[in-house]
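Common to both upcoming complexes is chain A, partnered first by chain B, then by chain C.
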Partner chain A sequence: MTKRFDLKKFLLNYLVLVAIVLLVIITIIVEPKFLSGDNLTNIMRQFGPLSFVSLGMTFVIIGGFIDLSVGGLISLVAVVTVSLIDPLGQLNALIVGVLFGAFLGFLNSMVLISCGALTQAEALFITYGMSAVYSAVALIYTGGSTQHMSWLTTPQTIFTAIGSGTVGIFSVSFIIFLVCLLLLWIFHNKTYSGRSISYTGGNKVAAELSGIPIKRSVILIYTICGLMSAVGSIVLFSRITTAAPIIGKNYETNAILSVVVGGTTLKGGKGSVLRTVLGVLLITLMSNCMNLLGVSAYMQVVLKGAILVLAIWLDNRKEQ
Partner chain B sequence: MEKKDRGIILSIKDVNKSFPGVKALDNVSIEIERGIVHGIVGENGAGKSTLMKILSGVYTKDSGTVVFDGEEIEHTTPIESLNRGLSIIYQEFNLVNTMSVGENIFLGRFSEMHGMRGTHAEARKLLDSIGCSIDTHTLVGELSAAEKQMVEITKALSFRSKLIIMDEPSSSLTSDELKQLFSIIGDLRAQGVSIIYISHKLDEIFELCDMVTVMRDGHVIDTRPVGELTRADMITKMVGRSIEHEYPERPHCVGETLMEVRSINTHKLHDISFELKKGEILGFVGLVGAGRTEIVRAICGADKVKGHEVLIGGVPVHIKKPAHAKKLGIGLLPEDRKLQGLVLRFSVQSNIAMASLDKMRKFGFIDASQERGIAERQIANLGIKTPSPQTTVLSLSGGNQQKCVVGRWLEINPQILIMDEPTRGIDVGAKYEIYVLMKQIVENGGSIIMISSELPEVLNMSNRVLTICEGRITGEFNPEEVSAQTIMDSAIG
Partner chain C sequence: MQTSILSFGKRTLRALTRQKAVIAIIAMLILMLFFKTNFYTSYNLLNVLKDAAVNEIIAFGVTLTVIAAGCDLSVGGVMCLSGITAIQMMNGGMSMWLAITLSILIGALIGFINGFFVVQQRTEAFIITLGMGMLLKGVCQQLTDAHPVSCTNMEFMKIANGKIGGVIPNLAVIMIVFGVLVYALLRYTSFGRNLYAIGGDYEVAKYSGINVVTTKWIAFVLSGAMTAIAGVLLSSKLNTGSSIYGDDTALMVNCGVVVGGTSFAGGVGGIPESFIGLMVLQLLTNCMNMLGIAPYLQQVAQGVVIVGIIWLDCFGRKRKREDV
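On to the complex of A and B.
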């Protein structure tokens, strides 16, 4: 009796892990190429940008909100950062790019707070609008044309390292990711600000009445999300060495998908960046496997949608 | 034991139910006779709700037998129970606010009633049968709590219920409405319908019930005719020890003026000014909606209010949000513990530590062992019944949940604790413990503002009472010198 109960609980909690293992096994059987060195490097690269954005998104969702602006934000940060490499030098451009992303996230939170919009639904629409603004600014800024890093005169050693450098068997971006993961995990689990975010997502009214700084939490989650999205943006354009003004398209949905599939509840309050890592891994592997197996791009979208619905269903089962 | 089976509508025998870490029901046996009102009393966590949920089919029992109307029931669902003739009316009504009274009564059975005309006609008949004159076309959302209860009862009757279980039916009723409810219950009893009446209010049990079962910690302690028990007996059985009084002795620690509030004005409040003294329990008496809650929310900065003055120890303070209030040592125990007090999906520990975490951070970091210490201290201090500090607060009983919120504020050593309906929905034993806590707080130099809809508790605990009516303070009384009637008159205006 108790044993069966535990198994069920385990499955509900760690279904992502089970899914990842199953997916890998099936793909290896059907398509042994999966294990080739090229493909594994490929997976690690695909994992890159999405994982950063998803880490940021995790905080927004734990805080009980949502951020649809990251798509536009990634595009804008990418084109602005690339355009700054020549005038500022690569290190300064990198720093300004990251800070610019954090600022845009901060801007999101200020718009929300000044609108008095403290529900997830309001955040959904406001950040959707912000995404449109950021995308449009990116298009206006570049005149609609893609920025190629090969046009630049300044050397781009740092960006090349971020985009395609390796240390041993690990890519540089993966190491940066591990550092971010560790810092954000400590921030969430060990600091007062991190805990305040959880309380805010768990019950805003109770949190406010207990003197938890909920506005500060809102500012923090969006700033972190903007910052992490900017890092993701830089990893992304460094790898492909071009920055199109629509480069960030679909990142918001994939990031939310990864967070929710990882097991962070859309209801807010409960979740973890570690879970999100599993979510990103599953989504990345899924894309990779489906590509290897020759699943059409349209069908892949359908499957992703189905996975999201399944994840939300599971989350509600867990509550009972 | 001489009673024959034909007299028994519901027989519960040796029923057990366990949840992880808790034995919610331990060999529970109760027999309910036909045509009587059977009270079930017990503290929070005694197992009353679990038992009701097994009867209605929300939970499945681990072992034991349930025989309803001569038929053994193994597994059931809420709708099967209804069709068998067993209805449960919960504290939170199961009605659709956007549909009419008639539609609610026959929800999902319109075709059996031959359309809406039949539905409303039949609903009218049933409502008349309990002497209720609500128009069947009225939307349920527009009804008062008492009227909604009538609709629930009528709905139960429409299923030809032989047994109606009422869970805390009086919690939202005025005394007149309660009288009406009692007369309806009396009529039902006369028609042979059995009623299980679950309540914390012993007065009601004595007035209404024929039989009473006392439960404690998942056990049935006693079942006997109400006439054989005194109030004190019943309380002793409920809490497992004798409580001499329902209230501790009134504390007398009133000192110098601690807080002055001057002229709060909003669209709902008019020129609210008062003083709170050190070591005082100040009671706010007024009807629900008179503005009691709004006054304390304005003081704590929970509502944005401008133009008033608050002085603490003679020094003007500016409280723009609850965090400022907390810094000044003012804690607010909100009226709705589930919506405003607790983070229900979080652990007991996180809920208790919520207000004091910011005080103990070092360079922004939380000391996990200190946090655990806070939780363990308050769990021991307040006697919170929980399997572990990591248990989700959602799974605790109402009284224990309330203690978690109280513990949260005790941890900041509040100089002023504002308690809005501190004992709502919790039972005698837990209430007494809350009163004792209040006494300890003022004896240790704190001050309390107490808001309550239960007049006896305000009058028995307070040093001073302010009556509030339609957003104005209408009187100030010493409850030791003035009668309850005088105070109530002032509160009604």
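On to the complex of A and C.
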């Protein structure tokens, strides 16, 4: 009796892992090409942009907020960075792009703090409005046209390396991801600021009364989210070598879904960047496996949606 | 009788002045006086109502779920799906009203499923309906192969594009009828009053003997059905069903509801508030079109207005908190 109960609990707790393993086993049986080196490198590349954005989004959700502005932010950072490569040189453009993303995130937090928005719903709509502004500014900045990196005269070796370079079987973007993951994990678990983000998400009133600097937490989570989205944006346009002003569309929902599927609760307070990695992995693997199995693009959206709804539902059952 | 009318008037007036959205509308109306445009023509003003109708009807349904402290972000997908199914069934030879009824039932069924997850299983409404919307988009693409489908039955087009007496657009009338119906439902039935109680405090409502699960569940079913009606009307207006409709609808409508003053915390708000909230967004678009502002700038302005109104709202609440 007890043994069966434990198994159930284990399954519910590590549902994402179980799903990933099942998915991989089924795909290997049907299509052995899954394990080829090319495909693994391919998965690591597809893993790219969404994983960075999701890492940033994890902190926002742990802090009990939500950020819908990342879609617009990614578009804006992408077009600005590409346009700066010629006048500033590639390294400076890269640095300015990342800092610009962090600044936009900071701007979000400033809008939220200035009106004292403390609930997820308020943050939801304010960042939605900010997203409309960012993506419109991206459209105005480029006049609505796509920027191609092949039009630039300056060399773009750094961006080419980020987009398509490999070290062994690891893609460069994956290595950058591992570094970011490590840094953010240390920040979240080993520093005072990182821990106070969790406390802020757990119960804002209690955190404030206990002397946790809530405002600093809000600034931190949105700035980190902006920063990581900017990195994701750079990885994204380096990979496809064009920056369209609508490049970031749908990234906000995908990022939120992968964070939640990974097991970070939307109520805030609980969660970790490592869980998010599992969530992103599940979503990326799902795309890859369905492509290998020849599932039609439309059916993929249906299946993805169905699995996500199922995952969220089961995750919720675990808590009760 | 007279006192009830008076108190109704007073209540309406208070509801109006409390809202930043009303101030925004008045500001826009005054601003338009200074420009020589066709804004103040009956044709244009009726057109505003006609254009707003689809989103307004969705918002009436969504308001029910928001009052019960939920929200419905699947409306974009439902709207898309109902239009497509109605047209495909009609093109398959089904009679018009049967096809429309079935499409609305499909919408209600999706609302029922949303309700199952949110109310019965107590999942976070926001994320589960977002996932559901995504799933439905995929279903729409699968059904139509991502091509727009147009209706061969010309009667269908007349539902939304007809005009009563050759002047008032049908859509505006349908919107007002639904608005009044849902307003009455919220105001004068025990179902409506219970929804407010549930939104105010779920546990208290439960211990007061309200059947919380059923009531909130019905709110989601109604939201799905109303969205399906709006979807059918949209397809009738354009005589086309397409899987690309409604990408923005879910957030836009929920945003409009909140801009109007219906709180996401639940228990506050109503149909007049939601009507005004969405009207702000619609009027803004219309004014900017009249003034010939470039579309990208329009998007900036829309974002700024949304942020601005919600910012003011939060700021007001913060000041109130600090006063206490």
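Going forward, the second predicted complex is superposed on the first by the 318 of 320 C-alpha atoms of A that agree within 3 Å, B and C clash if a C-alpha of one lies under 4 Å from a C-alpha of the other, contacts with A are read in each partner's own complex, and residues count from 1 in each chain.
The criterion applied here is as follows: contacts are C-beta pairs under 8 Å (C-beta built on N, C-alpha and C of every residue); 3 or more make two chains touch, one makes a residue touch a chain.
Owing to the predicted nature of the structure, the values given are computational and were not obtained by experimental measurement.
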| query | In the superposed arrangement, does A:G202 touch chain B (first), chain C (second), both or neither? | reply | first
| field | Of chain B and chain C, the chain that contacts the larger number of chain A residues | value | C
| query | Should A:I126 be classified as contacting the first partner (chain B), the second (chain C), both, or neither? | reply | second
| query | Regarding the shared-chain residue A:A117, is it in contact with chain B (first), chain C (second), both, or neither? | reply | second
| task | Give one of first, second, both or neither to describe whether A:G269 is in contact with chain B, with chain C, with both, or with none. | result | first
| request: For A:F65, select first, second, both or neither according to whether it touches chain B, chain C, the two together, or no partner. | output: neither
| task | Examine A:F47 and indicate which partner it touches, taking first as chain B and second as chain C; both and neither are also allowed. | result | neither
| Touching A:S210, do we find chain B (first), chain C (second), both, or neither? | first
| query | Overlap of the chain B and chain C footprints on chain A, residue-wise? | reply | 267
| query | Any idea which chain A residues touch chain C in the complex? | reply | 68, 111, 114-117, 119-122, 124-126, 128-133, 135-137, 139-140, 144, 253, 256-257, 260, 266-267, 296-306, 308-309, 312-313, 316-317, 320
| Within the complex, which stretch of chain B touches chain A? | 300, 302, 321-323, 325-327, 332, 334, 339-346, 350, 354-355, 357-358, 361, 364-366, 368, 408
| message | With touch defined as at the start, can you tell me which chain C residues reach chain A in the complex? | response | 71, 117, 121-124, 126-128, 130-132, 134-139, 141-142, 145-146, 251, 254-255, 258-259, 263-265, 296-300, 302-307, 310-312, 314-315, 317-318, 321
| For chain A, which residues are in contact with chain B within the complex? | 190-193, 195, 198-199, 202-203, 205-213, 267, 269-270, 319
